[in-house]
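As structure tokens, here come the structures.
In the two complexes that follow, chain A is the common piece, with chain B as its partner first and chain C second.
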Partner chain A sequence: MTFIARHRRLLTLACSAILRHRTRHVSILLVYTALVFLFASVVFCVEALKREARLLLQGAPEIVVQRLVAGRHEPIPAELVEPLRRIPGVQRAAGRLWGYHFDEERRVNFTLIASEDPRLAPRAVAVGRGVARLLGAEAGGRIALRGRGGEEVSFAVAEVFPSASELVAADLIEMPQEDLRAFFGIPEGLYTDITLRVANENERRVVASKVRGLVPDGRVILREEIARTYEELFDWRGGVLLAVFASLAASFLLLAWSQAAGLEEEEKREIGLLKAVGWELSEVLALKTWEAITVSLTAFLLGTALAYLHVFAAGAFLFASLMKGWSVLYPRFALDPALDLPQVTLIVSVAVVPFLLASVIPSWRAAATEPDRLLRQA
Partner chain B sequence: MLLALLLHAAWLHRAAGHARSETLRLVERLELTDLCLFPGAPHTRHPSLADRHSAFHHHPTALDLAPAGLLLGPPSRLRTP
Partner chain C sequence: MIALEQVTKVYSRGRPEEHTALAAVDLTVGAGERLVLMGPSGSGKTTLLSVLGTLSRPTSGRVRLEGRDLTRLPEKALASIRRRTFGFLFQEPHLVRGLRVIDNVLLPALPVHEPGDGLRERALSLLGKFGLERKTLARAETLSPGEAQRAGLARALLLDPQVLIADEPTAHLDTARSRELIAFLGSLAAEGKTLVIASHDPLVGGAGFVNRVLAMRDGRILEGSSSR
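Entry: the complex of A and B
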């Protein structure tokens, strides 16, 4: 009998054994599927968010220069822009003007940012979808923000950013620089920070060290650091969730082990009979491995498919607030599936392999026992 | 089933390309640096630009008042002295 034909028969035998003990296997399958579902949901969510951050932050400036006073972020003088632009390797240096506006009435923070967009007339703004939803604004309408003197400042809404941009712009209000200066009371000659464009990747660290020389009271943030921040942030959140699930997984493995270790009498009789009629230890072990593989692969496929639907079709409703974030002004965005082979391999290695070991080792110990002893025990 | 999921994910990713490039243009134009996930507090809205102590800046020995701080690990750049 060929290798494949032998294992096909073993698989058929394994399936019929599973059906004979269907109550036990179905209960294990349900709990196992639920665990794979939770684990795969976290992996899918974390990876999708990390990839989204990686792709979108490609457009971020290569270097951001902030000024610190007493350890706090303070406006940076505009006269530093020109010396920074003259550093070899810097393509562009520009002052960036932005800040936060806390809306007392709605208890929400907006991010106000100045732009040189010629399409924005004085006292006109472009707003993110989250702002538009919260203030009931639409293009062509008006919004009012309470200025620093307590007076209402009205702006015409020229544009609402597309909904696809909510992940980066839900809370943004873009306005002409003069309006932002007047709104926050920031005098000419000061910016919030300075951004540098450095196309050559190899020059960025050198440029950063030169910036530190020019702005000794400043802080230099590289785009790689921003990207790393987000990698760590999502890993951290995934870790928080997985720490919770780890106790569930440990309980399940304990259950699987104790179920397999305390083999039912009928199963012991089966193993004893198989050995009595001449089955080798390796063949009994192969049969039990096929049983465990059938259960674990079914749970893996069901759990992974359910997790995929949960995260990418149902918006990960079970733990979206934990993974994505939450606040009064919450961005609405659908996660773009980031499913690839490394993720599948991770799920298999974490979810399938321990179960296989927890199931097969007790069977191996039983199969190593003399058949007459097994039959007497049964 | 697994192959179908992989293919579906690749197809959706490709389909989302246009919307993403539009967002990427906005990021480039306004030079944005952070994702809008926790807009509740400055250090959670812009974690990559936050000060070392911004979560605790209200007064000496102040605790982080933003609930999102629990879920937001400090960037490694801020953990090193």
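Entry: the complex of A and C
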């Protein structure tokens, strides 16, 4: 008999065994599917957020130079722009103005940044979707921010940023440089930081070290460091969730183990019967492995499919706030659907393999028992 | 054909509930012999059948099949011997619930059965012989006790074993069904099969095909057991 034909028969018998013991298998399947769903949701969410952050950072400057005084971020003199631009490998150097504005009434921080878009008229702003939602603003409307002296400063909303940029632009308010200087009281000749464009990836670290020589009290931030920070942040948030789910998963595995270890009388009798009629241990184990694989794969496919829909179609509503950030301005954006082999391998190895072991080992212990004893016990 | 030499079987050894089910039993069963073991419950009949049919290893002593010592064979080899040499008819038919009768009968061959090897036809033929031709597609749990016992007999005979081991085969059957089953066993004896049967039932002990009856008590075969 061919290997495939033998295992097809064993699989058929395994499926009928699952149906025979459906009460036990259905309850395990439901809990198992829920766990796979939660775990796969976190994996999908973390990977999609990291991918999203990487895509958005592609447009960011390769190097940012900030000035530190007593360990605190201070404005940086504009006269440093030109010397930095002359460093070999630097294509462009520009001063950047930005700052945080705390809205007392709504208990939320906005990020205000000077726009490089010349089309943005004085006293006009472009805002992120989070800001628009919170302030009830839309293009053509107006928003008011409380200035340094406590007076309300009104701006026309020229644009609301597209949703694709919401991960990093949810809390963003972009305005002309002059307006921002006036709003924060930053005099001419100072910037918040200086950005450098360095196209050649191999030159960035060399450029960074030269910047440190020119700006000894500066902090040099590479884009890849920001990307890494994002990745670590999302990994950490995912890790927190997974740590919570790990205890659930451990409980489930214990349940699966105890259920399998205390095999029903009927199952023990069946194993004893199979051995009595001449089945080898390996054949009994193959049958029990097929049973476990069938339950596992069903839970894996169901859980993964539900997680895919949850994350990519329903915006990961169960834990989106935790994954995207704790701010009042939760970014709302649709994650791009993606499923790759490492993610699937991770889900299979964490969700499927332990269950297989928890199911098959007790069956192996039963199958290694003399058939006479199994038939008598039952 | 099969020889038990000083076979002892102790259950729960070393525990307070330790129980000696077989005590230094010597027994030889020749090819084609029709042997019935009789004795009260707890006399060791079922244990003797289990040891003889390799369902259980003796605590001490040897079991030989055609001169080959089975006592220390690995489990894989014993499984192969069980599949090729022995057919078992248990006191309870032990049919798998939820499976069709035909699939229950084919169960011993499921991992090795080849399409076109005639086993399915043999299974159908055996079911026909035992009056179950209309029950082949029925679920096992829908059979009456008599039908289930006959389906169990069909399963035991599927791979044409040399030895049929039957443990209290008429225990759950009424007299008419018992006579019917005994007649089937007689037909197997006529085909030259070796039969080893444990039973309380005088109908079995007195059946015409039986050529030896042994009495057991307290794990021993009593002297003065009869041969015909």
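Keep in mind that, in the parts below, the second predicted complex is superposed on the first by the 376 of 378 C-alpha atoms of A that agree within 3 Å, B and C clash if a C-alpha of one lies under 4 Å from a C-alpha of the other, contacts with A are read in each partner's own complex, and residues count from 1 in each chain.
Just so we're on the same page, contacts are C-beta pairs under 8 Å (C-beta built on N, C-alpha and C of every residue); 3 or more make two chains touch, one makes a residue touch a chain.
Just so you know, these numbers come straight off a predicted model, no measurement behind them.
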item	value
Fit or clash between chain C and chain B when superposed on chain A	fit
Contacts of A:Ser16 with chain B and chain C, given as first, second, both or neither	second
Partner chain in contact with A:Leu233 - chain B first, chain C second, else both or neither	first
First (chain B), second (chain C), both or neither touched by A:Asp372	second
Partner chain(s) touched by A:Ala5 [first = chain B, second = chain C, both, neither]	second
First (chain B), second (chain C), both or neither touched by A:Ala137	neither
Which of chain B and chain C A:Leu281 touches, first, second, both or neither	second
Partner chain(s) touched by A:Ala208 [first = chain B, second = chain C, both, neither]	neither
Chain B or chain C, by number of chain A residues touched	B
Touched partner set for A:Leu273, first chain B, second chain C, both or neither	second
After superposition on chain A, the shortest CA separation from chain B to chain C (Å)	29
Intersection of chain A interface sets (partners chain B, chain C)	none
Contacting residues of chain C [partner chain A, same complex]	47, 50, 55-57, 75-76, 79-80, 82-84, 88, 90, 94, 96-99, 103, 107-108, 110-115, 155, 159
For the chain A and chain C complex, residues of the former touching the latter	1, 5-6, 9-10, 13, 16-17, 19-20, 266, 269-270, 273-283, 286, 368, 370-373, 375
Chain A-facing residues of chain B, complex	1-2, 5-6, 8-9, 12-13, 16, 19-20, 22-42, 44-45, 47-49, 51-54, 57, 68, 71-73, 75-77
Contacting residues of chain A [partner chain B, same complex]	52-53, 55-61, 64, 66, 68, 71-73, 94, 96, 100, 108-111, 113, 115, 117, 128, 130, 161-162, 164-172, 174, 193, 195, 221, 225-226, 228-230, 232-233, 235-237, 240, 301, 304-305, 308, 312, 322, 324-329, 331, 336-341, 344
